[in-house]
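Both of the next two complexes hold subunit A, though its partner changes from subunit B to subunit C.
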Partner chain A sequence: MSAAPASVLEKKDGVSPPGPPSSDAPGPLAALLRNPKAMALVAALLVAVVSALVTANGAWPADLTFDVRSPLDDINTWMAQNRDTHPVFLYFLLHISNTSESAVDGVLGALEGLGFIGVTVAAVLVSWYAGGANLRRRALALAGIAFGTFAVIGVLDVWEEAMETLALMVVCVAVAGLVGVLLGLAAGLSDRAERILRPVFDTMQVLPAFSYLLPFVLMFDVGTPAVFMATVIYAAPPMARLTSLGLRGADAAALEASRSLGASAWQRLWTARLPLARKPMLLGLNQTIMMCLSMVVLATVVGAGGLGDPIFTAISTLDVGLAAPAGIAIVLIAVWLDRTTAGFGERVDDAAPARSAFATRVVWAAMAAVIAGAAVLGQALGRTEWPENWVIDISQPINEVVGWIERELGSGIPVIGGTLTWANGFIDYGINPLFDALLATPWWAVLLVAGVLGYLAGRWRAAITVVLALAAIGAMGLWSRSMDTLSQVIAALVVTLILGFAIGVLAARVAWVERGIRPVLDTMQTLPAFIYLIPMIALFGSNPAAAAVASVIYALPAVIRITAQGIRQIDPSALEAARSLGASTGQQLRQVQLPLARPALLVALNQGVVLVLSMVVIGGMIGGGALGVDVVRGLTKGDLGLGLTAGIAIVCLGLLLDRISQPGADVKERALR
Partner chain B sequence: MTTTTDKTPAAEPAAPVFAVRDLWKVFGPKAQRIPGNEEYAGLSTAELRERTGCTAAVRDVSFDVQRGEVFVVMGLSGSGKSTLVRTLTRLIEPTSGSITMDGQDVLGMDKNQLRDLRRHKAAMVFQNFGLLPHRSVLDNVGYGLEIQGVSKAERRAKAMEVVAKVGLEGLEERRPTQLSGGQQQRVGLARALAVDPEVLLFDEPFSALDPLIRRDMQEEVIRLHREEGRTMVFITHDLSEALRLGDRIMLMRDGAIVQLGTPEEIVANPADDYVRDFVQDVSREQVISVRRAMRPALGDEAESGAAIGPDTLVVDAIEAVARSGEHCRVVDNGRTLGVVDHEQLLAVVAGLDTDPRDKAVAAV
Partner chain C sequence: MNHNKRIRTAVIAGLGAASMVALSACSAADTKSSGSADEVTITVPSWVGARANAEVAKKLLEDEVGVKKVELQQLDEPIAWDALNNGKADAILEDWDGQPKKQKLYIDDKKTVVKGGDLGVTGHIGWYVPKYYADKHPEILDYKNLNKFAKDFKSNRSGDKGEFIGAAPSYTTYDEFLIKNHKLNFKIKDTGNEAAQIKEIQRKYAAKEPFISYWWEPLWANADMDMVEVKLPPFEEGCNEPETKTKCGYANTPLQKYFNADFAKDGGDAAEFLKNFKWTTEEQNEVAMSIAKDKMSGEAAAEKWIKDNKATWEKWIPKK
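After this line comes the complex of A and B, so read on.
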């Protein structure tokens, strides 16, 4: 198991040596010997490799395995039997379930009542308002995006699915936003609440979206209520986090001024604190909305319906043409929602004098009137549903294109091979050897290496977390499935980091590259994870390589962005000093930019790890297999024992990977020096 | 250039606006044990921190602020002056001592009384302005009134009036971010004025501004004080600002008072080497008055020469003496107190009037 993990680590430590280039610089070996951390790591790796070679079989011993599936199955059975009778359900969970269902139905009814004309007009007006409610370019562009989105949705014949997804989203966003604001207020105003909530949010951010669905399916069975609860809990943290951040980051002088004028605590909150925190709060809402969309689409696995449905069906039948209309619709909705909420955020900074309260009210009233008018018009024309003859079928042509890709680009292209050839190569020379190596290494050696890594990243606390997480995986009897997932994660991570750092450095140094890729990254980061699977099955078919490539593509934007930002944000005077001393481009990069950007690079690494894992798990659906497919099978076939144990294993893997990749202890120590 | 002569010296006060006695503010664990404790009394700030982990920002400070005066608290950064001004309205809770405002015990006030004090009696102007970026200039100025619960029409009318007073006409609908630093601080000043407070508290209001703008703003404060006669407590680290604005100056170092007196007293008669270092570059002739420089009239000198008041600055007396070519008489209410000629005035400029208090006392 040596090769790939070692290279990951080298990336971690390779940027580190900030030591003065003294004339009697020690050789690489001597430097290694002097560095106790590196020594510990090398020793652990050595033990792992040697023991792997000696034993050649290191799977978790059967007598250390405990049966957790049967009790979980029992719980599931009990839940199924008592869901309609037990008081906990009758007086608590059933209310949540009924309320959420009727709320979603209500919103869906309202959207249907508005008709396709009303909905489109409403979307266009809201976007136009977010853009500044005038005739300038920004407002018109946003209105144009809204119009285009809904027109295309109609034309591609996914209007009804889109409305289902939107109705579910409206309810989820409203509740997640509310919960987020309340938690954010608590964390922003009370230090104790912040201390309690912060680690919870931190951990929640690490967990793959899939793992949120399982407990709620156990509680509510498949259907809207489970989707609603999972989505709210998945999407509320960014709102809470940014609300707290905004409240804490508010200009201290303004708050003091407010206090000095005799404002009561309530007045201070209402007139100074919250308004000063508006911008981060809107950013939080934006993130919450995007996460809601991502989850609602993904939750089609547990019966959320809507736009995710055709994609899910298409993925299991490898029918790209079927997935395409829904996929395009989701992309457009994501872009529309992102730009519109971002527009509201930009309005906060607007230098233009604020419109008077009266004028604002007039604009709102006029908008409401126009929307109502459009709805009435639709009803009068008898056209509330998208007309059937305004529809274009793109499935057929797309399937033809996909077929052509498979035939012509799949393999047999001279010299470069082809997508399928590459995929097979990646599996044969990347994922599989890694998997074999991980399985050949004795379990205790894997624990040792992980523990050492954890200790290096975050001292004992991290080391213990990491070892316990791995041990839990083994004890549940999921050692080899987890190693399968882990090998995919590592393979995808290596590719992600190589590409991400390279492109990030390039973007930081070359202005036009940065300009060119920024809008692409912006868009990619708003798209739900699910979407990335569609082009992958078109290019690579259904296999672990497709899942790995999807993860690479999913994680790349964040890695590139953080890398580029970190390099660009280093102290310009340090770079200028290096330039004035005549440093070449390479020297600037090696000696100044990369060392100074090290914290950012470590954050990029951590983000990359978290994102790759979350996508590899989803990639189980397109041939990634392993834990991801167990979860899906558990969710769709009602085999919750299987799903939940796999889900717990995924959570453990998430904790493990996050803790060993955290820019923890040693970065903080360095910062203090 | 100086306006010292324009200032109405504080008339014998009936009651001070602020009376501060034995005030301490100690930051750190178990701060309560520090004030009045003999064991810690002689320690420097660094030693105190070493021994107790506490920092005494204000140490045993007592002073009065008289009605209508500009009371300047001056010191280098870390001298505790900003902490001191915040304890006056309990934006920072003092550790021990007493503060009375208009005879009321500030430290004994409950939440509502304190809120009332902040709303109506004392308003503060901050170094970093502390404006609300999401509100227009007018709404920022009316913010204090809004907190008091004044109706919208009324507070807009009042805000308009104050905006005009500080010279921001035409900018009412701008956002603070669209204003220059000087304009922003005018908004801060207007916000404090709008609530019509008894006392204005300034916490280094102009140190973030360019020198030229700072001068403008100082003029503005002098003008406002001349027009309204409002009591002001002004914190600064800038000696020339202190001398320009202050009726009285309280010099602080490491949280304690080093010297409290009129600008003239401080320049002419520094309490110790620390103060002397501070004031050594001051143009003495622009601060010291002829009352300090004069000598008793000899012979018929009391009969001749131009008459000048005892508060005339030396710099003005030099002009009078140079013009007439002879000595000037220092006359107060028709009585000749003494005379000044080249010799006395030059001695002031050269800093040779080493012990002016004795001289002044002898002369009177």
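After this line comes the complex of A and C, so read on.
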């Protein structure tokens, strides 16, 4: 895309460079009239509103829908009958299935063999090594995080579950990482591969994790293999994307130097390009690990076991106390893994002289010896499992607190009402009117508006994608279900953006706010989506509002962070100039900071859209209804026709929302840089 | 660039080779993992009553029968059938007869799952309204009159229809088709899961609001609430096939146990014990109540019941 992208937020001609409006600009209305794109949007909206008022019922026509469920159901039955006799399964899929299962069992066996002492020591040492393998603060802090994580896991009595999750994670991360690196190499070295893979990765990033599960359950049956495949496919793209980015971003001078020294292509790859790409690759690994964790937890719905299990049970008994230990364990594991991989990433930058290869080998050997020693010690003491009397039960006090919150904050607080009242208000004045409006608008007018929005954001390609996605939804007969989900997404998105931009601006301008919320954001961003669900039912009841609030909380950290970063990165001289001209704080913000930060705000919008959608879908489990509950029903009832069509509709919504909120590629890169 | 091309070719060749290796383990793969008697896996669906069965069985299997490890795996009813079929789980202790297709496929055709006898508890699903509402409007208790009262059940999500509080996603239900086939002016509210549904109903009950819901017996929450069933056309064998044509109400279902065929044959004492496992609705409710209402851990609830009811469970233990 060569032209500067058009904005969705501001109806300004996309070709003119973004900047503060000059003082002699014509009034807003005149500017609008002069702008053909804004006119197109206004016209499309007018058509939509008028046609909605005239027809008042815009459901997708029945004769344009096609029955896709029956053939899917037939496939489902066929698979169930032939899963252990047909050659495709016997000679291909079952090998994957059995190999992944024995790999996970093997890792789990190894972890159990190490015992709780061995595992803890190993984790502490690896983190310490990541922190620099010395006695400085960073290394010790990382080692401390590792020790704390595993001690708390033991004390809260979720050791066994944690090991199951870790075993599955190890296998998934290894395979996802490998696949990612290979694909990344392909995309990094070949322009054609990059052209093919790029849109695939882009699309995969938009899809909610939930929609990955069903096809694999169909092929692999419930259990570890399905989870493994879904997780690998879900988590590999960031690794591939960042590997490719690293290879392409390598310093040309360094490569030239290597070439002039007569290095062959292979030597250059090994000695120059890959080492130079190490940092982005580690960042990719970090993201892959986080996505694996989130998926492995979610996949308990199809029998993955591990830490997701108590949370899943807790959702169905509303037992926050039961979920808490597992939830805390997941948070700690996430923080530990995040900081440790980040630690490895920072080591790459270390200015300190690197140790000799020999010293490194000695450190590794010593670590291996200590871990082996710890394992043997555990065996000798007869203690491989976490001792039963070192356990604290936190579920009772937590349930008491939750009970109190429900009783006291539910409703009847003077003036502000209480959480249940808010939930109803949000439905009455937020979600419902949107839903009604979407349903009242004729389907072709919705397509028209979406197409125009798509065109404004990404020209014809986006416009066509958007229209086709919506048409697919209609053709599957899921129009009103999808509009239901869409209305929830939009309502939640508006709240997310208002809060996110406000907090982001505040954080960018006030240093102590920034310092205060940074650790909170860090932690929130590592949490798997599943965790957010349980407290929501207690506070908001089982309805779309609960799902919407969960998604607001889930999407906020990313929006806040990108906003704050974007505003802070503005050229200080521009701000200084405005200040010296006597601009007030509000004027600085409105006329300098926000316009200059527009690219970042657009990225924040796009991220917010994607995250909100993925959470609203999971919200089907707590009363969100619509497409989310259809996927859950499909998964749990093995009703493929229902689940897959709903899953496809979610994917279509994802494409729609992403494409109309996506700033052009160059804007995105500028903001992320 | 020429060099790059070579690397690229090599990478692509490598990818190809790797996938060939994956393919070339070319013998037929094993299709079954079979459990041994040392380790028993019991599926636990999401409702509390079934968890009560599983917790008590686990405790007794470990303490009295001498099984080394009993795993309770959280699996919803339909998925549990697949797990029993492929040997990933050994037993379902409470099945509500909601999977006729899978029953036929796995029991009759593939013979991988076998019947395990009655659980002793009889389940019944139906449409229920609270007693305080039925007392005021006795006519509601016939489904033919439901439309007359639909407006009483309106909510902010049901438009101009009445709101019908629906079942959790994995539960056996024909409500969608019943409402359509009887032209009832109701819209189903998806509650997302059992606990959310129970919570919603407890809240409405406490506020004495009118509501109508998919509801069932046995259920621990019924101890605190008076609910009355709305009469639907009587159940007859086969009246819900195909399900889209269903017009009849729900059957009384003697809840069933099912085992993986290999486990039933080679499971030894553990299988024997699970076949003998049979208790009453009241007994199940007692344990379920401890878990759901008193928020005891499953293990503690089972322990408490086992301590007080030796006479009942002694009969389940196989004779040595």
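Criterion: the second predicted complex is superposed on the first by the 635 of 673 C-alpha atoms of A that agree within 3 Å, B and C clash if a C-alpha of one lies under 4 Å from a C-alpha of the other, contacts with A are read in each partner's own complex, and residues count from 1 in each chain.
Rule of thumb we're sticking to: a contact is a pair of C-beta atoms (placed from the backbone, for glycine too) under 8 Å apart; a residue touches a chain by one contact, two chains touch by 3 or more.
Note that this is a predicted model, so its numbers are computed, not measured.
In the model built by aligning both structures on subunit A, subunit B fits alongside subunit C without clashing.
Once the two complexes are laid over each other on the shared chain, residue contacts for A:185 go to subunit C alone; subunit B is not touched.
In the superposed model, A:253 makes contact with subunit B only, not with subunit C. In the superposed pair of complexes, A:272 makes contact with subunit B only, with no contact to subunit C. Of the two partners subunit B and subunit C, it is C that touches the larger number of subunit A residues. In the overlay built on the shared chain, the residue A:478 is in contact with neither subunit B nor subunit C. Once chain A of one complex is fitted onto chain A of the other, the partner contacts of A:616 are absent, as it touches neither subunit B nor subunit C.
Legend: residue contacts after superposition of the two complexes on their common chain; A:332 is shown touching neither subunit B nor subunit C. Within the superposed three-chain model, A:264 lies in touch with subunit B and with subunit C [touch as defined at top]. In the superposed pair of complexes, A:448 makes contact with neither subunit B nor subunit C.
Put simply, the nearest alpha carbons of subunit B and subunit C end up 10 Å apart when the two models share chain A.
Touching of subunit A by both subunit B and subunit C, each in its own complex, is seen for residues 264. Here subunit A touches subunit B in the complex through residues 251, 253-264, 267, 271-272, 275-276, 278, 348, 351, 353-354, going by the rule given at the top. Against subunit A, in their complex, subunit C makes its touches with residues 3-4, 6-8, 10-12, 14-15, 18, 22-23, 25-33, 44, 46-48, 51, 73-79, 81-83, 86, 88, 101-102, 105, 109-110, 156-157, 168-170, 189-197, 199-200, 203, 291-292, 295, 297.
Taken together, the subunit A residues at the contact with subunit C in this complex read 77, 80-81, 83-84, 89-92, 94-99, 101, 182, 185-186, 189-190, 193, 221-223, 264-266, 268-269, 300, 302-303, 305, 309, 312-313, 315-319, 321-322, 393, 395-396, 399, 424, 427-428, 432, 537, 541-544, 620-626, 629, 632-633, 635-639. Touching subunit A in their complex are the following residues of subunit B: 89, 91, 114-120, 123-124, 126-136, 143-144, 146-148, 173-175, 177-178, 188, 191, 195, 201.
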